[in-house]
Amino acid sequence: MTEILAAACIAILVVMAIALARAFKAPTVYDRILGVNMFGTKTVLFIAASGYLMGRPDFLDIAIVYALINFIGMVAVLRFFEYTSPIE
Amino acid sequence: MLEQHLAALPIILPLIAAPIALILGRTVLSWGFATLVSGLAFILSWQLLSAALSEGVISYAVGGWAPPWGIELRVDAANAFVLLAVTAISTLVLVYSKESIEKEVKVANHALFYTAHLLCLAGLSGILITGDAFNLFVFLEISSLATYTLVSLASDRRCLTAAFRYLVMGTIGATFILIGVGLLYMKTGTLNMMDLAVRIDAYDSSRTINTGLAFIMVGVSIKLALFPLHMWLPPAYTHAPSAVTAFLASTATKVAVYVMIRFIFTVFGIDHVFVDMGMGLILMVLAVVAIFKCSYMATVQSNVKTILAYSSVAQIGYMILGLSLVSVAGLMASMIHIFNHALMKGALFMAVGAVFYRVGSVDIKAFAGLGRKMPLTMAAFTIAGLSIIGVPLTAGFVSKWYLVTAALEQGNWIVAALVLIGSLFAIIYIGRVLEAAYFQKLPESRKSENIKEVSWLMLVPMWVIVIANIYFGIDTSLTTEAASSASEWLFQTNNMLENSALENNVSEANVQEVSS
Amino acid sequence: MAEFIDLVLLAMLALTALRIIFLKDLFAVVMLFGIYSFLSALIFVNLDAVDVAFTEASVGAGISTVLMLVTLAMTGRKEKQSTHSTLLPLFVVLVTGAALIYGTLDMPPFGHPDNPVHQHVAPRYIEESPKEVGLPNMVTSVLASYRGFDTLGETVVVFSALIGVLSLLGVRRKKKKDLESGLETHSVLHVVSKIIIPLVILFALYVQFHGDFGPGGGFQAGVIAAAAFILYALVLGLPKAFAVVGPKFLQWMASFGVLLYASVGLYSMYKGGHFLDYNKLAADPIAGQHYGIIIIELGVGITVFAVMLNIFYAFGSQAERSNVQ
Amino acid sequence: MDFLDIVSSMLLLAGVFFGFSGAVGLFRFPDFFTRVHAASVTDSIAAILIIGGLLLQTSFDLNTAKLVFILLFLLVTSPTASHALAKSARHGGLLTLAESSSQDKQESAK
Amino acid sequence: MSFIFDYYNYWIVVFLMMAGFYIVISANNLVKKIVGLNIFQTSVFMLYISMGKVTGGTAPIVVEGVTQYSNPLPHVLILTAIVVGVATTAVGLSLIVRIKQAYGTVEENEFENKDDAI
């Protein structure tokens, strides 16, 4: 069972790397926000999976904080960059 | 009940008073409360100095846990002596600032000004008294954050860029100290300074510890504005409110000089710092360059506060020069100069603040003809200026005298000559201001604004410091006795570390058990 | 397996830092800084530093990124080309880097159990703290009891940050005329925010009182509670948020938190112990430790909540003014 | 590997597959709005499957409650975030691929 | 091969320190200086935490049947340092907002012509 969990963790890492690449290369502002948002949700899943892999599943509080801060960061970006030009 | 907690009270008192000063809100209330608290802290530090002189070291384990595990406060003759200067200047500046900030700080920010002042006082006394390396970093951050706030309170917009530059360089300095403490912790496993000293001597010379030492030294020299890293000081002291400059110039950099002395003597040991790492030469060269470059810069400035700011950097050069002589006399000269310089600069900046209060500008032209219009302020400025130059019967002369004798004692007459030449520059830049004040007439434009003397609330603290300047110039018993016992004690702890390290090397195994 | 994850995450972190150096669009810099904080919090989880990951994620990634975004909204997004050459900074950086590399040459290797760090002070914390202080979470017991003075100093640092921001930006009551409301066109956000804000506050209280048994504590709880109110202010606009929790009340709360912390120390002095000695708080030392730690964590939580929210109010009222101009 | 382990590993692998497809979609799709669609859809399904797979690992205790709370939180917030992002992109004047290509044609026609 | 694993963490930490330090010194925009300052401080936190890690040890929260724990002391120090870092960032950013209102710009090379010597 731990091999499956390890494989899942590595796969999520790869997905995070791709989301990071999107955040690096993004042409428009909104692509960058999208990359950050996907990166955030994937880290939540990564923490849950690696918690079980390492046998210490009681660190899920951090996953909750991650999801929360990711959402608030997203709302803050939208609130303060509502009227700016999308193409930098 | 009080004596038992004497070591902790000078920190706790201002720490608790700050939130209360914010709650009080109205200017007069928070001013009165802040001055009362600062006065209490001064009395406590007086008792602390006498206790330290009589009993030697006072150790106070916060939280009841024994030192290497809990945090320990260590008070000895050296830091009690500096603490006395800090609390004295803080009380006098608070009395002075009641009227001085009315012209410079928005009324809405007055309560915040007093809260930030109390926080800065708590931070500085925390840095002096704590015996734990990481706790020193925390109190350093408290005093730095309070200082950035105080500098940015002025009405002139240039204080904002000066405060920002000070924040960036101050944070880099604090982070360097954090890296240094981290490297030391990595090799020794402890944070208590005395414990650190014992365990560092167990390693004869490890690269990580030397790097840690180098980072701490660079971080602290940013904080005390040693020559190449002093760029933040002149704009910060020039554009800050006068009451803030008077407080910072007399205390902030001196506390950083004490931190350097403490790390060199009680944590690393003289031979490790000066012999293995050759820091003595580096410090001496930097000090001499600081004295000459900054004294020269002072002579070409047009703003009097910038003149005095560059003069402060030069005076810090004198302290580091005394330190780099690596002798009991040299260290004593530095300790005395820490105390005397606080007096000199406090009086000078208060006088300039009074001129700003009346005339509204601190340019050298603003001083024209003030000799007659503001006699008491300019008399205070003159006496403090003479003290900077080092004229006999003033505190400046005493510290220069001990510095020169310390240099000559080592046969190092080049350094002695450089010290004397340095004070020539002082004559030039102080002379320019006095010449403007006494020998130039009041320009017509200002005749109408009937400039008269400042109120007694600003004059009394100014003259208390000037009289102290003269008193400690004549009767040098208190300062020399405290400074000499401080430097003896510092050298004695250093030798104690040497021989305790010797028997340690014999049995490497028992290093762990030495303190657990 | 853990080393491999550590390897990959650190590589990602280095790439993000490199990318930030060469970016000119400041908005992208702040977004990548958000990712940088998240990644470093993830690395802390992987290095068994759970409380630190909690704090870094909520304080480092949450508050810093939001404040930077607000500042950017006022100062513009484009960084202009700097005139002076990059040779001097490169030289200074290389010299410091060389000194650091020189320092790492005889560092104790990463992760070995017999490093000096684990030999001297730490063993007592690991063995005796569950018995002496009685908390499963050793980090909270060391943070609050053994090194409680550090944490008091830190609460005062947060308090002095509030003083700094208030003296610079000063929170002013909103006048009715420039009533700048939040994202009022996003009705979906309104509904969702109204649903999750109570949940977030509940979670913050759980973190506050769960700090003794699992990851959590005063700082994290204060920031999460402040994050909930910041979300409310973002979505529904500052005037409504001022109505719920006013800036004046927050200043009183911040002072009250610091005084609560310090009064625990004074009380233990009054009862004959040293400053912040919790054993004297109650008849049985362990119970005294529990009371002491719960009260000071509460003091820390209140101070951090009040300071973070008040700082956001100060920044938000500045941003609202500039958007309106 | 008893029955529960097989099911949970299947769920995990399916979740990872969907996450991976979302990432590829995010990287290769031509314009912003298709990328938002790819990212947000797979986010939700990947979250459900992976957390579902993990749920089968735990006996019924506090961790289960935390996992369910995370799942609910993700299911509520991530679609909202994507919606708000797309809506503000639309407000910000970002054109979809079809609109921008038709706009290029009009300019070239002029 | 194991030599790499022994010091990999520390080398990356040194690289990050230098990246952050370079950004602080060379950045022309003040907000980017604050970002560089944060990167510099976060890398110092990583130095402390990777000191405390024991391979095979779990997080310092007592659980039955586990004896090998990572060192809790660096975690306590870094909890304090993170909050200190955020406090400095908040004061720095509020200074930037005031500088923007007073000078109209936050680019370092544009200050000189606005005033005499900075």
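Observations, loosely collected:
Letters A, B, C, D and E name the chains as they come in the text, with residue numbers starting at 1 for each one.
We take it that a contact is a pair of C-beta atoms (placed from the backbone, for glycine too) under 8 Å apart; a residue touches a chain by one contact, two chains touch by 3 or more.
Quick caveat: nothing in here was measured; it's all calculated off a predicted structure.
Chains that touch both chain A and chain D: C. The chains other than chain E, linked only through touching, hold together as one piece.
A comparison of the B-E and A-C interfaces places the larger number of contacting C-beta pairs at A-C.
In terms of the distance between Cα centroids, chain D is separated most widely from B.
One inter-chain figure worth recording: chain A and chain C are separated by 20 Å, centre to centre, where each centre is the mean of the chain's CA atoms.
Inter-chain spacing, taken between the CA centroids of chain C and chain D, is 29 Å. Between chain B and chain C, the centres computed from C-alpha atoms are 31 Å apart. The distance from the centre of chain C to the centre of chain E, each centre being the mean of the chain's C-alpha atoms, comes to 13 Å. Residue positions of chain C touching 2 or more other chains, listed in rising order: 2, 50, 70, 72, 100, 104, 107, 115, 117-118, 121-122, 125, 147, 150, 153-154, 157, 160-161, 164, 168, 183, 186, 189, 196, 214-215.
For chain D, residues that reach two or more other chains under the stated contact definition are 73, 77, 80, 84, 88, 91.
Residue positions of chain B touching 2 or more other chains: 134, 138, 141, 145, 148-149, 152, 179, 185-186, 191.
The complete set of chain-chain contacts reads A-C, A-D, A-E, B-C, B-E, C-D, C-E. Looking at the complex, you find that chain E touches chain B at residues 17, 21, 24, 30, 33, 37, 40-41, 44, 47-48, 51, 73-74, 77, 80-81, 84, 87-88, 91-92, 95-96, 98-99, 102-103, 111, 115, 117-118. Of all the residues in chain A, the ones that touch chain C in their complex are 6, 9-10, 13, 16-17, 20, 23-24, 26, 29, 32-33, 36, 39-40, 43, 46-47, 50, 53-54, 58-59, 61-62, 64-66, 68-73, 75-82, 84, 88. Chain C contributes residues 183, 185-186, 188-189, 192, 195-196, 199 to its touches with chain D in the complex. Of all residues in chain D, those touching chain C in their complex are 73, 76-77, 80, 83-84, 87-88, 91. Interface of chain D with chain A (complex): residues 1, 5, 8-9, 12-13, 15-16, 19-20, 22-24, 26-27, 32, 35-36, 39, 43, 46-47, 50-51, 53-54, 57-58, 62-63, 66-67, 69-70, 73-74, 77-78, 80-82, 84-85, 88-89, 91-94.
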